[in-house]
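Okay, structure first, notes after.
Chains here go by letter, A, B, C, D, E, F and G, matching the order in which they are written, and residues are numbered from 1 within each.
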Amino acid sequence: MNFKPLGQRVLVERLEEDTKTASGIIIPDNAKEKPLMGTVKALSEEVAKEGLLKVGSQVVFAKYSGTDVKLEGKEYLILKVEDLLGTIE
Amino acid sequence: MNFKPLGQRVLVERLEEDTKTASGIIIPDNAKEKPLMGTVKALSEEVAKEGLLKVGSQVVFAKYSGTDVKLEGKEYLILKVEDLLGTIE
Amino acid sequence: MNFKPLGQRVLVERLEEDTKTASGIIIPDNAKEKPLMGTVKALSEEVAKEGLLKVGSQVVFAKYSGTDVKLEGKEYLILKVEDLLGTIE
Amino acid sequence: MNFKPLGQRVLVERLEEDTKTASGIIIPDNAKEKPLMGTVKALSEEVAKEGLLKVGSQVVFAKYSGTDVKLEGKEYLILKVEDLLGTIE
Amino acid sequence: MNFKPLGQRVLVERLEEDTKTASGIIIPDNAKEKPLMGTVKALSEEVAKEGLLKVGSQVVFAKYSGTDVKLEGKEYLILKVEDLLGTIE
Amino acid sequence: MNFKPLGQRVLVERLEEDTKTASGIIIPDNAKEKPLMGTVKALSEEVAKEGLLKVGSQVVFAKYSGTDVKLEGKEYLILKVEDLLGTIE
Amino acid sequence: MNFKPLGQRVLVERLEEDTKTASGIIIPDNAKEKPLMGTVKALSEEVAKEGLLKVGSQVVFAKYSGTDVKLEGKEYLILKVEDLLGTIE
């Protein structure tokens, strides 16, 4: 894919429900702020230099964050690093 | 064209719908915040020095950002770099 | 567990009511802002470097802070360090 | 003229509609935020030192910015540099 | 006591009304923002390093600041240093 | 006069309407934000050190800024430097 | 008196109306924001180091600023330095 995020942003592909269950992370229904999971597909130069994330990192992020985008027929999410809660290693 | 942006701004020409489809980026109808695409036509000195963008860069930006302007009969958008989500390379 | 917080965040497991009573910390019913207790299960690199918290630290935090998450069937809370009021040593 | 702006400010004389058309910049009627044009008549010391603007610079600025002032019978606008979108060279 | 505040926080025990009167500080009934008094029982590392407060310092603080907490059957207040108006020496 | 402003403040005496007309500055009735004129009577140490203003400087300032004060029977205005739009030299 | 302000704060005793008139400062009734006068009784270490104020300084401050406190039967005001408009020398 040829999308390159700018600033403190990463491009993330959401995990399917099935995959999510397999990885052992389930968001409780009564959560105040439901986190979601995905896979990092691209990082800005700034974010890559910090070395905490790479293409393929599994990330957890807050529900109402980011911007939806469809690239070559597939849906993605552009997220700011500050909206990423953590990684699943 | 003789327009030179100031501060952290760039001048962007929006992509036509047809071009957008060809490039493979489609914004989903149910997106919370729909990104849009365009081509950088001019950069401020500040932005040029940072080296991440140049005249001709294809950029994706959030929908309600920027200021519309018509220069020599053509419509453009003046955008702040922080409102650019990424580039299509 | 394989969750790694990002930024100024820690992963916390809430203390059961019984444990809380045993530790001697009880939150008054008429408190303006009720603190809660838990155990740190994971720290971001940033937080670990500061050296004030470690896996196993007992922390007190304000009630409406953090994000709930369920990892491998267990509920946790992702909290920012600024929302931690103190530690029980 | 003997007015000297302070801080990050410039004194601007608005362009007449006719001049604006001749210069090739026309603001679309349906613009979200209509930019306007003018000529820089005076700069603060701070702004002069930055070297991006000078007396005579043609500037484009957002509509609801600045303070109106009449000096020796003529109307001007006092604008902050951050409200200038760009220059026409 | 084994509570250790984090960040710019201190643990404070409120003074009894009788003690307060004895110390000579009385808050007027018609005060816009009523200060209250107490004794510092624990300080974070950050606050201790600044050297302006120590365990035993008598402090005056604004009324609606801090978080109530009960430790080993006794009520305390966790306060940020910026909410402390002064000390009684 | 023995009033000394603190911080980024100056003491200003408003110009009479007659004086204002003579100096050639007239504020248009339909102005969005009407500037006013006056003479600097005292400066804080901070402002004096910056060297852009002195006792006697004629200043233009935005209408709803500053604090009115009467000193030895005469009305003045205490203004922050950031609220001064410029000087008349 | 044994009260020591913390941070950017000073302890101020309000001037009586009679004293205020004698000093020549009268606040106009139609003032947008009425300043008040008082005498500095104690300073924090931070403020003392800056050297612009001392015990005994006559200060002018904006009306709705500060916290009322009664110390040994007398009313005082705890004010932040940024709320002091100037001094009467």
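The rule we apply is simple: a contact is a pair of C-beta atoms (placed from the backbone, for glycine too) under 8 Å apart; a residue touches a chain by one contact, two chains touch by 3 or more.
As the structure is a prediction and not an experimental result, all values here were calculated from the model.
Colleague: Applying the touch definition from the top, give me the chains sitting in contact with each of chain C and chain D.
Modeller: none
Colleague: Do chain D and chain F, two copies of one chain sequence, contact each other through the same residue numbers, with over half in common, or through different ones?
Modeller: different
Colleague: What's the distance between the Cα centroids of chain B and chain C, rounded to whole Å?
Modeller: Roughly 43 Å, centre to centre.
Colleague: With chain centres defined as C-alpha means, what is the inter-centre distance between chain C and chain E in Å?
Modeller: 24
Colleague: Where in chain D do residues touch two or more of the other chains?
Modeller: none
Colleague: Mapping chain-to-chain touches, which pattern fits: line, ring, star, complete or other?
Modeller: If you draw each chain as a dot and join those that touch, you get a single closed ring.
Colleague: Beginning with chain D and continuing through chain F, what order do the ring chains follow?
Modeller: Once chain D is placed first and chain F next, the ring gives D, F, G, E, C, A, B.
Colleague: Sort out for me which residues of chain C touch chain E in the complex.
Modeller: The touching residues are 24-28, 30-35, 52, 59-60, 62, 81-82, 84-89.
Colleague: Show which residues of chain B lie in contact with chain D when the two form their complex.
Modeller: 2-7, 9, 11, 42, 44-45, 64, 67-73, 75, 78
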